[in-house]
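Shared chain: chain A. Partners: chain B in the first complex, chain C in the second.
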Partner chain A sequence: MLKYDLVVIGGGPAGLAAALKAKELGVDKILILERSTTLGGILRQCIHTGFGLHHFGEELSGPEYAYRFIKDVEKTDIEIKVDTMVTDILTGNTVIATNNVDGLMEIQATAIILAMGCRERPRGALEIPGSRASGIMTAGTAQKYVNIEGYMPGKKIVILGSGDIGLIMARRMTLEGAKVEMVCELMPYSGGLTRNIVQCLDDLNIPLKLSCTVIQTHGIERLEGVTIANVDENRKPIPGTEQYIECDTLMLSVGLIPENELTRNAGIMIDPITGGAIVDENRQTSRPGIFACGNVLQVHDLVDYVTQESYTAGEGAAKYIQTKAKNRRPKYIPVCPEGGARYVVPQNISSDADSDVKLYFRVRDVYKNGRITVTNGDTVLYSKKKPKLTPGEMEYVTVKVEDIKKLDKKLPIIVKVEG
Partner chain B sequence: MKKDMICISCPLGCPLSVEMDESGKVLSVSGNSCKRGEQYAIDECTNPVRMLTTTIRVHGGALPMIPVKTSAPIPKGKMMECMQVINRMALDAPIRMGEVIICNICDTGVDIIATNEL
Partner chain C sequence: MQYDVAVIGAGVCGAMITRELSKLELQVVMLEKYNDVAMGTSKANSAIVHAGFDAENGTLKAKLNVQGASLMAYYCNKLNVPYKNIGSLVVAYSWEDMQTLDILFERGFQNGVPNMEIISKEKLKAMEPHISDTAIGALWAPTAGIVSPYELAIAATENAIMNGARVMRNSGVFDIEYKNDMFFISTAKGVIKAKYIINCAGVFADKIAGMIGDESFKIIPRKGEYYLLDKIEGNMVNHVLFQCPSKMGKGILVSPTVHGNVLMGPTAIDLDFDSKLDLDTTIDGLNTIKQEIHAVIPELTTRNAITSFAGLRAHLEGDECDFIIRPSEKNEHFINLAGIESPGLTAAPAIARYVGEMFCEMAPEYTKKENFISRRPAPVRVRELSLEERKKLIEKDKRYGRVVCRCEGITEGEIVDAITAPCGARDVDGVKRRTRAGMGRCQAGFCGAKVVELLARELDVPMNQITKHGDNSKIVFKKTK
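Up next is the complex of A and B:
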């Protein structure tokens, strides 16, 4: 059996950053397992710029951002196995993985970091009636076709869902000569970053239709068109508003789901809202010695935040390995969302946390001048108004370490958003 | 004269407010969280520019496409013209990270550079 101090599952930006941090803090034997042929994760296909402004202070493309971490990892003695798929995590932190060279491997790890990223919500999750014509795909799949494999999936395009990947693809397809007819969004607001609406749609005069959805697809072998309709406040199509749009491609950008089959099978507790593991401030899951970071934990819009979170997980794992924290069950104070706050990560804070803790959250709705408060019983730890809060953008507040020391440990920390 | 816009220089997307005189000269910018926001507002009112990112076909590499970007933002109106020039290109591997692929594309004074190695 192979033995490592730390096994990192997933070689995207999250896994790379977590491994690097653990190495920097002196963890000896580290192994990264990646199922794809190269490191870098989803960033390899995100060729647009906008990455790294917070982390590096410059605007990089996805591959450039990943490249810096890959080069840094190559300078260390961190071991890497690509083309390697992790299939199971057994009790005692044993990782089961397979590849063509080593066959089936059993790897014993003191600590494990989960960094498997997320995948796109597929068509099946949407239940649009119509034929199984070709030409219906997720925006991320289309992104891979165009940017990595180098072929155009269609000429006349409708995009359903205004998530960032859909917006980025609207521009990408237009630049490559396709006609993007429109982006339809079920909700009355866009799920993407405002900057992407401006530079991907407004710049190219692509209409964004809010409160609108695709109710039917047409075509037998190849998609020939879609029927769209406006929806009411209950998101039900309004009769009489149907409209036929001719197109050969329908791209779906309707959300991301953390890739947590492994996590679930390992018996790790999952937060039903984030779809990721329940973690503490070190990103430790309900199974001691198993940590999670990046999109497998919560869907991030900015890779810079993924990197930050992964450093936290790498640090947590290093501490666990070095101080044998496994002999100690931390006492947790739960962190709960309330009002307009949909979820908070981490879901628990150790009562003896020894540094400031950032609480990341998303709101349910769009709030103009919404107030964010963080309380513990009657104590107000934070209270501030923000000019704009939207579900598409992750927010965070910092709880100071001196405040954590003073917390009433019998009461939860409440993160509340009000209009 | 007042003009509202969203700064797109980074994903924070700060709402900017620009004060201009009759000739279109920018007098003041507010709402920005950093210096780049101010520059963006001035550019957007005088000469709107954008980064262009795309791919170029490569022969003999592990993958068929190399991602590229403009070394600096280019005038918004020149995007399609630049795409036409880029799409006529084909390269041979190996290509280094940051290698200049096209010098001074469409007389913009900006280069097209590789954003990965292949």
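Up next is the complex of A and C:
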């Protein structure tokens, strides 16, 4: 049995930042387990720029952003095992992992940080009728083929869903010489960042069709075309608006799902809205000593926020390991979304939190001049109007430590958004 | 190349018959038009072992169904194919339905189905806690079960190859000529000579028979659509749940699969004769399944759907409802299997024996092999091993330590085994059917590209030669600059 103070599952931006922070705070034996053959996670295939504006104040590509952390990790004695899959987290924080060098490992950890990231919603989950032709893939898979493997995954492309990966791939495939016919979005607004819509679609004259979806795929061997249709306010296709679009590839960018199979099997409580673990301000889950950060906790749109959140988790894990806070069960004040707020992370704040706490949330709909309020009983902790709130962009508000001290611990903290 | 027997079609019947014939001292070849075996009805059906109360008394179908159901456990054990004897329930919602159950019971009894029982609402509820409160009783048939149909075909094929059979894929038959007591079979891979032909071409059996002038039957492709749900829903249903049968078949069923998912379907829509490649799912079909299953298990939704798919049943045109398994009137050395729709999968082991016996009577010159290998070794399934067993296995071969498909826990070792096996996988779907890599909830989002890489490496071709399911179903095109 191997023994570590901290085992970090996932060597993407979240895992790297969390491990670095824990190391910086003096945690001794740290191990990062990564299922790919190299560190960096999904950033490795994100060769476009736009990363790091908040965190580094510069515009970096995905691999550059990741490399800054990889370089820093390499300077430490943090141990790394790549090409290694964690298959189980057993009771007593024992991690089971396998690879083709060490074989099957049983690793005893004082604390564990979950940083497995997320995956894309697949075609089956969308229930698009039609054939089983090849050429239907998620935008991320297509991105891997073109940026990592060096192969063109399509020539004439329709993209369903205007999530950021879909938008980025519209530009990427166009630059590689493919024809991107259109991006169809079921909702009346895009789920992607505004800057991506401008830079990836508008600048290249790729049409974005809102309130529109793919209702049938065609072709037996390779995809030959799709039928699209406009949808009504209930997102149901409107008869008579069907249109056949010839294409050999349908790329899907219709949402990301935190990859929480391990978490669920470990009996950790999951928030049904985020699809990630329920955590406190230290990003500790319902199982003591197990923390979560990054896209496995909640899907982020900016890696900069992933880094911040992972520092928090790294700090939390360090504190846990060093103060042997194992038996300490803090009293939690729940944080609840209301009105236009869909969810809030963290879902709990310890009543004895000793620093400011940032509450991250997303809205349900597009709000112009929406008001964000944070209350605890009759006490208003925060209230401000914002010119624009959209589901595609994560928001946060800060609750000051002095306010936390004054909270009515019997009442929840409510984060509310109103139009 | 000259053979004694050519089996046309590598579905579950073709494969089981080829294995049966490989018990004899003869040269047998199985010709398959697709890039893999089990590409027709065998890969997209309800995966049910039927007890045998549906077929009319006295029919060949009834006999082979009941025999097949009792043989399935034996064959699945020999061939190491997933099979579970979970039993089936035909659920009644009205007194008319209860009367139908009586008819089914009586018919089953006459057919020789053992241990059936008509059970009360209370017992039904105890066996299926999630079933609708509107159910009032059921017909319980404990000999029914579930099986992995394509794995049965793959395993039978592998076992036949171990016993000297030859399998030719991408070898669609487009013409057959008979001269000097010999069939000259024109295939996409050249002319094959054989003394006997066994026509197991499923929905295309009429086309193959037509090549020797036999137009005694026509096959209508009857489409059935299905939903496959995530293993999360696995505890919602414990047995095969049928509704009371109608003219178009056994209605929409819901059942666990041998791998722990939930399967619901099929619909039944007759297509044109020339639509034998139409495997499209449809909005209407998928909606029908949702509605009908809602009546059976109200809590079961498609929120956790992994995929939907369609299969074609080989339905005989006209009033004939029995299996056709007999020598053609046009040529006695040409055995037709036609109309092998449900319970064809269940009957497959019995069909193989039946055809074997028929062949031995027809061609007594072929003697039994002395060294027939009846067992197909179990493929390594890492996810089914204990920690200790896994440890030992990985020490022997490190590739079993490298997990490629996270959802189903499939390792590089298992994928390489699937590719290098006799009649190994040549495309992404072939790997999926043999190992379950890509069959999980992420639908190959993570392992897809890795499987393509492994196929390219093991088959020693560039990645852009690898297909999803043969022909032109390429995954990627040219290299980027």
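Keep this in mind: the second predicted complex is superposed on the first by the 419 of 419 C-alpha atoms of A that agree within 3 Å, B and C clash if a C-alpha of one lies under 4 Å from a C-alpha of the other, contacts with A are read in each partner's own complex, and residues count from 1 in each chain.
Rule of thumb we're sticking to: a residue touches a chain if its C-beta (ideal position, glycine included) is under 8 Å from a C-beta of that chain, and two chains touch if they have at least 3 such contacts.
None of these values were measured; they are calculated from a predicted model.
J.: Would you check which partner chain A:132 touches, where first means chain B only, second means chain C only, and both and neither mean what they say?
T.: Touch partner of A:132: chain C, not chain B.
J.: Touch check for A:146: first (chain B), second (chain C), both, or neither?
T.: both
J.: Touching A:57, do we find chain B (first), chain C (second), both, or neither?
T.: After superposition on chain A, A:57 lies in contact with neither partner.
J.: Which partner does A:272 reach: the first (chain B), the second (chain C), both, or neither?
T.: In the superposition, A:272 touches no partner, neither chain B nor chain C.
J.: Determine, for the superposed model, which of the two partners chain B and chain C contacts more residues of chain A.
T.: C
J.: Once the shared chain is lined up, is A:98 touching chain B (first), chain C (second), both, or neither of them?
T.: In the superposed model, A:98 contacts chain C only, not chain B.
J.: For A:194, using the defined touch cut-off, is the partner it touches chain B, chain C, both, or neither? Pick first, second, both or neither.
T.: A:194: touches chain B, not chain C.
J.: Under the stated touch criterion, which partner chain does A:239 make contact with: chain B (first), chain C (second), both, or neither?
T.: In the superposed model, A:239 contacts neither chain B nor chain C.
J.: What is the shared patch of chain A, the residues that chain B and chain C both contact?
T.: 146, 148-150, 176
J.: Would you pull the chain A residues touching chain B in the complex into a rising list?
T.: Listed in rising order, the residues are 44, 47-50, 53-54, 59-61, 63-64, 67, 146-150, 172, 175-177, 193-195, 198-199, 203, 301-302, 387-388, 393.
J.: How about chain A: which of its residues touch chain C in the complex?
T.: Those residues of chain A that touch chain C are 35, 83, 85, 87, 96, 98-104, 106, 119-120, 122-125, 127, 129-135, 137-138, 140-141, 144-146, 148-155, 176, 215-218, 220-222, 259, 261.
J.: Can you list the residues on chain C that touch chain A in the complex?
T.: Chain C reaches chain A through residues 228, 277, 279-283, 285-286, 302, 305-309, 387, 390-391, 394-395, 398-399, 401-403, 406-407, 409, 411-412, 441-446, 448-449, 453, 463-464, 467-481.
J.: Under the touch definition given earlier, write down the residues of chain B that touch chain A in their complex.
T.: Those residues of chain B that touch chain A are 5-11, 13, 15, 50-55, 57, 63-65, 67, 69, 76, 79-80, 83, 87, 97, 115-117.
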